[in-house]
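Next up: the structures, one after another.
One chain, subunit A, links the two complexes that follow: it is found with subunit B in the first and with subunit C in the second.
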Partner chain A sequence: MVRGLAAEVPWPPSVDDFFLPPIAGPDNWFTKFTLFVWVAVAITIIFFLVAYRNPKLVPTKSQWIAESAYGFVRDGIAKDIIGAEGIKFAPYLASLFLFIAFNNLWGIIPGVQLSPNTHIAFPAFLAIISYVLFIWVGVKRFGFAKYIKNQLIPPGAPAWLLPLVIPLEFASTFLFRPLTLALRLFANMFAGHVILLVFTLGGFVLLGSDNFALAGISIVSWAIAIVMTIFELLVALLQAYVFVLLTSVYVQTSIAEEH
Partner chain B sequence: MPNNLAAVVLAAEGEHNPVVPIWQEIVIGLIAFGVLCFILMKFVFPRMEQTFQARVDAIEGGIKRAEAAQAEAGQLLEQYKQQLAEARTEAARIRDEARADAAGIREEAATRAREESDRIITAGREALAGERASIVRELRSELGALSVELASRIVGEALADEARRRGTVERFLDELGDAPTATGSKR
Partner chain C sequence: MTDDQSPRRDSARGADQAYTALGYLISGMLIWGFVGWLVDRWLDLGGIATAIGVVMGVALGVYLVVKRLGA
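Up next is the complex of A and B:
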């Protein structure tokens, strides 16, 4: 029976494990991924509306949790990185943080263990919004020409270096920023899922092997899967934090007087 | 492991490529994220900002109220101390005054008593002196009159007998002895 279970395990894990058939309907409109996104959004909205339906000066526990989440992004990221001006970006940054964090957490929820952010579509559109945001605030502050000049020409760069500096600055600011934002989040969640797959499915494969000693090691494999799940919790929150932090840094460099 | 990696790479080149986004997911993601942002940014976070502000106001207001109360208390304390000091000074002043008054009253009473006794003594002396003078005057006039009467009687009764003469002299002397008594009862 054990042998039979192991035989059913798809091994090794492959990219196809990330592409599941739609739950219903045509194309990819209604898949596990889109469903989890909707559920994460619904949970977030419901929690915040319920926790904040009747705010008090002395907060209740749920109100305190909701305030802490917002306060963390507001004071810990927006105000810290962007400065006093950052508070007006705090609502968006907090929404972004919650969206990424809740979606990432699907990666370790038992029975789901698959984050929507393992599909690059989600990190990609978030990165594009951040990209548009930091360019827009820069252009709004300085006007298009001044903003581009601020971004491309570092103050004090010697003239003969400009032909080299300008393309580098352009690439790093306008090409690599959105790409790295999207890829970092996507790759972390993707790799996290692969790791969990390797150790969980690997445990079944080892259990089904003919070698008795190898079958025993399956316990170790699953133990590592549990440790990795805890590690993934850290990664899920950390990546949400990094995404929001970098968005703040980009906004800050766009509106800074001195580049 | 290398086997595994190769499989991933192979699969990536196959039907599914993990770095090519599925456009339907972008649409769904944008809508879901938009809904989340809209609701949180419209209904939740602004109210949190209000709460934060209210909290700051409450704390600052509390501190301000406490400071005001403390200042008022300090002022009252100062005022009470001042009033107490004033009251003490006043009491001391009143005591001193009373003491001075008492001394004055004693002095005055003594002076008045002395004056009164002097006055009484003087009046007594004057009265005595006046009486004495009037008595002397009366005695003088009476003595004169009596002397004249005695002389006339002596002359008138020269011829009478020895016994009668003796009796007359004795009667005269008796009258003399009564006279001062009669004069004294007049007063």
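Up next is the complex of A and C:
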């Protein structure tokens, strides 16, 4: 029976493993990922509503969790990186942090173990929002011409060098920033899922092998899968943190007077 | 508020600066290497212009890293 199970396991893992069967709707627009994202958003909204419905001076446990999550982003990221003005970006940054963190956590929830962020569309759209935000606040602060000048012209560069360096400044600020934001999150979640697939499915493949010693090693493979799941918990939270951190660094460089 | 140079801010700056420096160097090579390659195709120089473009791109990238990120 174990042999039969091992024969059923799709091996090696492929990109097809990232496409779950659709659920419903015209053109199957309602996929499992739609469901995961909605559930993650609903959990966040309901938790914060419940935690803040009846705020106490001495916080209850759920209020304490909600306050520390928001306070972490507000004080630890927004205020620290952007400065006193950062507070007004805290709601966006906190929402972004929780959205990414909860969606990443689908990657290790047993029974799901696949984060929506393993599909480039989700990180790409989040990166576009942050991209528009940091350009918008810069343009609002300095006006379009001054903002572009701030970003593209290094202070004190000789005039003859400008035609040579401006393309580089443009690429690094307006092309690589959104690209790296999206790709970093996507690649981390994608690679994490591949690692879990390799060790979990690999255990079954080893178990189904004819060699007795190899079958024993499947235990090791599954043990590594468990360790890697714990590691993925760290990656899920860390990538949410990095995304929000870099967003606020970009906002800060957009509104800074001098470079 | 004089906590502008708190450790976390510094480390965040450090992470961003690393990505920025990498971006300058790579975009320097790609952009001016590509221009050199176009010149190569145009004048049939057999790769000399591409080489010059890549080296010039790296030099400009290093210049920008020093200018933007240097003390």
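Rule of thumb we're sticking to: the second predicted complex is superposed on the first by the 257 of 259 C-alpha atoms of A that agree within 3 Å, B and C clash if a C-alpha of one lies under 4 Å from a C-alpha of the other, contacts with A are read in each partner's own complex, and residues count from 1 in each chain.
We take it that contacts are C-beta pairs under 8 Å (C-beta built on N, C-alpha and C of every residue); 3 or more make two chains touch, one makes a residue touch a chain.
Keep in mind that this is a model prediction, so the values were computed, not measured.
S.K.: When the two structures are laid over each other on subunit A, do subunit B and subunit C clash or fit?
M.R.: fit
S.K.: Using the superposition on chain A described above, determine whether A:I81 touches subunit B (first), subunit C (second), both, or neither.
M.R.: The answer is second: A:I81 touches subunit C but not subunit B.
S.K.: Considering only touches as defined above, state whether A:F89 meets subunit B (first), subunit C (second), both or neither.
M.R.: neither
S.K.: Looking at A:F199, would you say it contacts subunit B, subunit C, both, or neither? Reply first, second, both or neither.
M.R.: Neither: A:F199 stays clear of subunit B and subunit C.
S.K.: Given the superposition on chain A, which partner contacts more residues in subunit A: subunit B or subunit C?
M.R.: B
S.K.: Figure out whether A:E169 sits in contact with subunit B (first) or subunit C (second), or with both, or with neither.
M.R.: second
S.K.: Answer with first, second, both or neither: which of subunit B and subunit C does A:I120 touch in the superposed model?
M.R.: first
S.K.: Which angle, as a multiple of 10 degrees, do subunit B and subunit C span at the CA centre of subunit A?
M.R.: Taking the centre of subunit A as apex, the angle works out to 100 degrees.
S.K.: Which holds for A:F134: it touches subunit B only (first), subunit C only (second), both, or neither?
M.R.: neither
S.K.: What does the superposition give for the shortest Cα distance from subunit B to subunit C, in Å?
M.R.: 16
S.K.: Give me the intersection of subunit A's contacts with subunit B and its contacts with subunit C, in residue numbers.
M.R.: none
S.K.: Under the touch definition given earlier, write down the residues of subunit B that touch subunit A in their complex.
M.R.: It comes out as residues 3-4, 7-8, 11-12, 14-26, 28-30, 32-33, 35-37, 39-41, 43-52, 54-55, 58.
S.K.: Would you tell me which residues of subunit A are touching subunit B in their complex?
M.R.: Per the stated touch rule, the residues are 12-16, 18-19, 27-29, 31, 33-34, 37-38, 41, 44-45, 48-49, 52, 55-57, 59, 66-67, 70-71, 87, 90-92, 94-96, 98-99, 116, 118-122, 124-126, 129, 183, 186, 190, 194, 198.
S.K.: Which residues, counting only subunit C, touch subunit A once they are in their complex?
M.R.: Residues 1, 3-4, 6, 8-9, 12-13, 15-16, 19-20, 23-24, 27-28, 30-32, 56-57, 60-61, 63-64, 67-68.
S.K.: Under the definition above, what is the set of subunit A residues touching subunit C in their complex?
M.R.: Contacts found on subunit A: 76, 80-81, 83-84, 154-157, 161, 164-165, 167-169, 171-172, 175-176, 180, 242, 245-246, 248-249, 259.
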